[in-house]
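Structures for review follow.
Each of the next two complexes has subunit A plus one more chain, namely subunit B in the first and subunit C in the second.
Right after this comes the complex of A and B.
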């Protein structure tokens, strides 16, 4: 019991002590996860829509693979990314191992299938009708893609939130490719894992509370804009 | 109206990235401080978790201008990183593995840095009667535990502590197997937590145990002080011939620095709650 209470006290202390190290850790977590989510969105949304609205041979197989990749364990992704980026690996000369860039790459590999899969699912369900309607109204390809993104925005929003949630909360991949280096690649989740291993539960709980608060705020902001947009549509 | 929504979300994303990048800018600055390059130090969790590295590394960075990136892993993994040339310098504690590393040509020489000791921990009621029978002899302690047999929690992670534990079992001519021998495969902190929950015996490094003593209410030291329980740490610069990306000069500078008289004094002056954690020099 005492740990849990201490955790809350410690959380307030951590936040209001304005310790630059804590802010830097939180900042790096957001930077890495937002960047990876953004890149994954740019790749995943158009691809997901494209696969979703078109009917082609082997679509079922593609979807099965896509859904499997959605549950890929972060540790394995971390391991593969590490093998590629390590000094002795094929991309070794770029010296990316144990850098924030490596963490962004690993999270991108993790999040892209999630965003793609969710968008694919929504596009498969309602994308075809949108395309037909667009064509009837004389839209060109670009118009149709814009129209699709707007019509599927609810699904895209869920994809984004899910992807970001997965990126900011995973510890396996960033621990392997980032190495939890103090002041350089230490993020919230690896900080929690390290402190837990040192038996400093209250600091772990405190950082956990900060992590949850940030996730809550991020999701609130995203939902605010998407919900707000829906209400505007009804005017 | 519809476009406004997507523009807002994109602005939000980009804004958040810029803001968070600004917030984590100390990291970028720190990297610039390493104007003479950087080295990757693969070391054990105990040197990081005890706080020693945070205490001594700023001195090295200010003296040489070389930034040190610390990757704290088990000794087995650290040695493996050295063999693959993923690290420039190693600070580890598993003498047999270290000597093999040098013998195999991955490093030219190993130097003693410091030592502390291991302790055998057990439940307060001591079902294997280790306290009364074993004295400071870890082999006798392990023999008594296996004879009952009483629960023993092993880290089983190829770490320095795990290597030492296996060496003691070997010295006692016992192959630990069965329900009483619990393998966690995790770090020292987690293993101590498991031992405390299961009220078993385990081998721990003194620094981590001192740090966690308050939360380990069910355990106490049942055997300590024997020569076998000494825990020496060694430093090795990875041979620059393994691949062309190893910072050989930086690694050598680190080795020269950590065995220098001033740094040795610095190591000896590091205390947690008033207790010295590491004794500099060679274990006697």
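Right after this comes the complex of A and C.
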């Protein structure tokens, strides 16, 4: 029990010592996860809306695939991304393996179905009615797209929160494609896993506290907007 | 705006839900008139209205609007509201202002029009409320105020007063009659309430199992000899 308490004490000392390595790791984690979430949003939101508001043959099959991809284990995604990016793989010529770019790609593959699936679900429930109503009021395509994004913004925010949460907290994919190289591809989760294996619990706890704080702050900000979207104008 | 339908046919799968042929293959909805579409459930009323409003396509036949086919220009001049209005997640004021904003009306003009409609539909005191949290009558009045805000030439209404309180029905009917008399608004309305149809409409279309059995004045509808129409009228009397 004592070593856990000692770990917490050391953790706080480490946080407030402003160690440059810690800052570098936190900065890279945020960069990789925010970038992958942003790219996944650009891909997943329009596709989710498009699939959700249109009725077409095979829509159920598409939704089943989508929901399956939403729960794919990160290590499997890391493995497949690594197979593609490895020197002998189809994208080997780009030399992306063990770089932050490879980590962004892996997280993007992980997060895109999550964002797309949640947006798809919201768009399927209410998107069609919004489109039809917009049309009856004379809205053109751009008006309807804007209207859809505004009407589904609560769902989109929830998708972003979930997607970012998944990206920042996963360890399997970034470990495989990033390699946990000090000063280059080491992120918070791989740092925690490595130090835990080495028995250095205090630094693991310290990084854990930082990771939870960042997750809490980021999710609070996004949650604030999603709740705002839900309850705005309510008297 | 005059609307003319010519031999409209619509199928869902293999089932023909609407087939306007014979004597009533061509229906002319005159400009500035209030026309009711009546008939039992599954008679094709909503399908006909959605085709005329440009929301769904017929598999055969055509609709002409002052002689033209449906396009974005026509879409900007007509509107449609049904018994389950889809209001946007914003205030009542902003819902009513929406059609004016997409038409780029100046802010003062938007304010003047919206305030007038809020008073007319007796919803001024709740204008700041989010439209997602309204009662049936308030929702319907908001939806109709929104539909009329940009002064459309034609309004399609699919059972707009079903399941709302009598006071709200009165407000909605009065607004429609006023617009029709003052601006020559063409109203095409589906209703199950025959008393309302006789109260509001100049002409009535009677549909039965996807076919038109009669298209004439309300007086002619009362005197119709067709058994199906007589049954419909007698059921409504109770």
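In this section, the second predicted complex is superposed on the first by the 223 of 235 C-alpha atoms of A that agree within 3 Å, B and C clash if a C-alpha of one lies under 4 Å from a C-alpha of the other, contacts with A are read in each partner's own complex, and residues count from 1 in each chain.
Here is the rule we go by: a contact is a pair of C-beta atoms (placed from the backbone, for glycine too) under 8 Å apart; a residue touches a chain by one contact, two chains touch by 3 or more.
None of the values given here were measured: they were computed from a predicted structure.
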Touched partner set for A:98, first subunit B, second subunit C, both or neither: first
Touched partner set for A:42, first subunit B, second subunit C, both or neither: neither
Partner chain(s) touched by A:130 [first = subunit B, second = subunit C, both, neither]: second
Contacts of A:184 with subunit B and subunit C, given as first, second, both or neither: first
Partner chain(s) touched by A:138 [first = subunit B, second = subunit C, both, neither]: second
Contacts of A:196 with subunit B and subunit C, given as first, second, both or neither: first
Touch count on subunit A, higher of subunit B and subunit C: B
Overlap of the subunit B and subunit C footprints on subunit A, listed as residue numbers: 150, 229, 232-233, 235
Of all residues in subunit A, those that touch subunit C in their complex: 129-130, 132-133, 135-140, 143, 147, 150-151, 154, 229-235
Contact footprint of subunit B on subunit A as seen in their complex: 20, 23-24, 26-31, 34-35, 37-38, 86-88, 92-93, 95, 97-98, 100, 149-150, 153, 179-184, 194, 196-199, 201, 218, 221-222, 225-226, 228-229, 232-233, 235
Footprint of subunit A on subunit B - complex, ascending: 1-2, 4-6, 8-9, 12-14, 16-17, 19-27, 30-31, 40, 45, 49, 54, 69-72, 84-86, 186-190, 192-193, 208, 211-212, 215, 243, 245-246
Of subunit C, residues touching subunit A in the complex: 53-55, 72, 75-77, 79-81, 85-86, 88-91, 94, 98-99, 102-103, 128-130, 133, 146-147, 150
